[in-house]
């Protein structure tokens, strides 16, 4: 039996890329569960389609690039799941599949795979789909049990009715129709399938924080910035801005993507504040009602710069 | 004398599995004199010693056989009586080659120790000279000559003498057993060092996972006079690193590139302190040490008292032999130990342990691309950016690595240990440091050549 | 219509201002450069290998024009290049002879033993720092390709754990020689046909323990090349070395070498 020769250390913690990705997927399960609860089989099909498209694309790309297969690290599965949770419930499945292929082939593997992509693949795909399939990407079905629908049109099949997301209502100034705080927390509102239930997302985020997969810096600075901006802007109570749209999903699961966010604690706070500011700027002044995706994508582009100016100072350096 | 808990936490650090239970309850056992000793002339940090013997010479235990080869260097003595078979280049644990005396030993009680000194009446200079002559160097791993540590430059004053009993390296229990079984020698050593350093305050730093050692030290130092404290450190790797121990005990930060004396501290390993006591009270040079032979690859893990120069194969045989499925042999522990390929290598003054690992505890890995997760930044006790340094080295940008402070790296391995992508971060840092040292040496040589004409 | 004319006017005005600025800048900010630098750079091979000791061909050209470098330091360009440069600058070229790199080791995976499985950075210096390297022989090629990585011409490939040089591609820049931690690569005259592919100066039995094809210092090569007086070989410990000032060519030497470590120029082609 030959000896193994290697440089120290000769011990390793029980973590790996696989285990970290697995933890994020586990943390997203409550949100995925809520998506299924509120939007039914549509959500199941969307999630399945996106994951399948992502994983297959990953395998095909690696094969074409003659590199080792990397679906085992679960990053493609995670990208697929995140993408699905960022899609409206009534989106045609073929569009979802196109999004999954784009996320992996263009936004990730074209740059060399996990670790080299400058932009969050799921968000890049969402931005691509928002521009390509604008209509389908901005049509929101009522979630099951939507209060207003229940009261008015009990017999109408869910799929046939569209509703406005809270953010669209805020934008229109239609504050009267705005959902209650309770609905926002539970997810009983219109929106992307995974972003509506704040409680499920926060449970997942807490799991990631406890497992030390993510640190508090980005989610807290992101959401705090949104809150403070909304507070000074006036209008709806600031907590509505935090709980509606993709703010929580974005701050806890998308902005914290390792590859595309700064590496130091200081940098993460700069990044989070930047995301929050851009999100609110787009929400209040931009053409779209929601700005989380674009805010994160823009900050992704700035990440190398933030890294450059937020290097840690060695212990003992004056 | 009092016992306090450390309340200063340095940045970073990791929690490896300690596995100290393998040998922590095994009392120190002396190895029967091996037939052959291979005594290296480079057992310490700094210039190798100049060999004073040649093939055919008879030597006596304790006789000077290597004279220190510079200011930062240490004497080497014969660890046993016998005949010099040859003087040849031999590989050391770190992979480099150095001159070594191959000694055919013979059983004899004869010794050539120096005359014993009474430390209470001896002068500071006499004691310092004794430590120098006895070839004592740091036994924790780095092997920095103690006589240099104990003789700070005139403009520096030692305010704290810190006794390093942290032993944060997994598996190893040699220092732990020393504290348990030889507390009296450690106390004598401390009193000698205190005298040499003109009465600094003493801090005995021990990790909280060694309550027996803390108790033993409390008993031994119960009635000592002056400012002496036992500081219980939180269990955290690398608590035994000099700079971090200074921070954890007295909250001082050693400046970049500086020695502990820059902040008025001298740190010495507990084993070294006991060796200093022996050098003074018995006149015995540093010719033997306690080495933990451990790991799941040896049949009977043990704490072995062995003469310096004992070959690893003899050490392992004394510990019941190696198991068949050993895949890794380490000089030291798994975090900072050197991988060796050959059991013919012999122990030195700095060999604190031999760890043999079987298939079960050894991992072979392949590295993934860096995912920028920042785990290494959070683990790095020197607050560096190991990920960026590693990437810079991989693209041969040594200048960038240097700018990011790679020379501060203490090679503790916390980054590689915690990296989810299994990247060779520590090895890359080592590579950068070697390249930078080589460049500095080249520049020095060029400057010297220029000055010459 | 008015709008179009406004646009045309604005663009024309911007163009005029920019043109004026460029004209002024050209007059006042221009740098006078010796035109010979461009000519010399063009005459150099443009490999930017750094073998001359200057930062790329442009750096060498500047040094040549400034008179601080000797003509003929470009190994890649060889005599033809030196001649072209001397035509431009009017300085004599120092004699150059084409030199190529040779790896003095033939310890392939099957020939030389490996004492362990190295797991770490694929870099020779890093591998050598772990337990002195995984190769039993501490003088031989480790095969982790540090030389191949620095070669500007991709002339070196790692085949069966051993570096091999494609003589046709090698420009003799010497980068590989400097990077090798085992110092097993040497620049030799391209005309030399016989090489001792071993770098281990230890006694025969020591060599045999780690390698099937290592030189044992039996001096048979010396005998077969006309004895010590002929001066075709020198010895370092128990290692024969070809004297490249006076290299042997007799194929008998190869046949009679009991260790099979003297070879006639291996026509290795890297495929690049």
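The letters A, B and C name the chains in turn, as written, and every chain counts its residues from 1.
In the analysis below, contacts are C-beta pairs under 8 Å (C-beta built on N, C-alpha and C of every residue); 3 or more make two chains touch, one makes a residue touch a chain.
Everything numeric in this text was worked out from a predicted model, so none of it was measured.
Undergrad: Taking all protein C-alpha atoms shown, work out their mean, then name the chain whose own C-alpha mean is nearest to it.
TA: Of all chains shown, the one whose C-alpha centroid lies nearest the global centroid is B.
Undergrad: Can you name the chain that lies farthest from chain C, using the mean of each chain's Cα atoms as its centre?
TA: A
Undergrad: Look at the interfaces A-C and B-C and say which one is made up of more C-beta pairs in contact.
TA: Greater number of contacting C-beta pairs: B-C.
Undergrad: Suppose each chain is reduced to the average of its Cα coordinates; what separation in Å results between chain A and chain B?
TA: 49
Undergrad: Using mean C-alpha positions as chain centres, tell me how far chain A is from chain C in Å, no decimals.
TA: The separation of the two C-alpha centroids amounts to 51 Å.
Undergrad: What's the distance between the Cα centroids of chain B and chain C, rounded to whole Å?
TA: 41
Undergrad: Residues of chain A that contact two or more other chains, please.
TA: Where chain A meets two or more other chains at a single residue, that happens at 2-7.
Undergrad: Could you check chain B for residues that touch two or more other chains and list them?
TA: Expected reply: 338-339, 341, 364-365, 424, 427, 430.
Undergrad: What are the residues of chain C that contact at least two other chains?
TA: In chain C, the residues touching two or more other chains are 115-117, 119-121, 126, 129-131, 134.
Undergrad: Any idea which chain A residues touch chain B in the complex?
TA: By the definition above, chain A touches chain B via 1-13, 15-17, 19-20, 73, 112-116, 215, 258-261, 263-264, 307, 311-318.
Undergrad: If we count contacts the way the header does, which residues on chain B are in touch with chain A in the complex?
TA: 10-11, 14, 16-17, 170, 243, 253-256, 258, 324-330, 332, 334-339, 341, 357, 359, 362-365, 368-375, 377-378, 381-385, 387-388, 404-405, 408, 411, 413-414, 416-418, 420-422, 424, 426-427, 430
Undergrad: Spell out the residues on chain C that touch chain B in their complex, using ranges where they run on.
TA: Per the touch definition, chain C meets chain B at residues 115-117, 119-121, 123, 125-126, 128-134, 138.
Undergrad: In the complex formed with chain C, which residues of chain B make contact?
TA: Against chain C, chain B makes touches at 91, 95-97, 338-342, 364-365, 424, 427-428, 430-431, 434.
Undergrad: What residues on chain A touch chain C, complex-wise?
TA: Going by the criterion above, the answer is residues 2-7.
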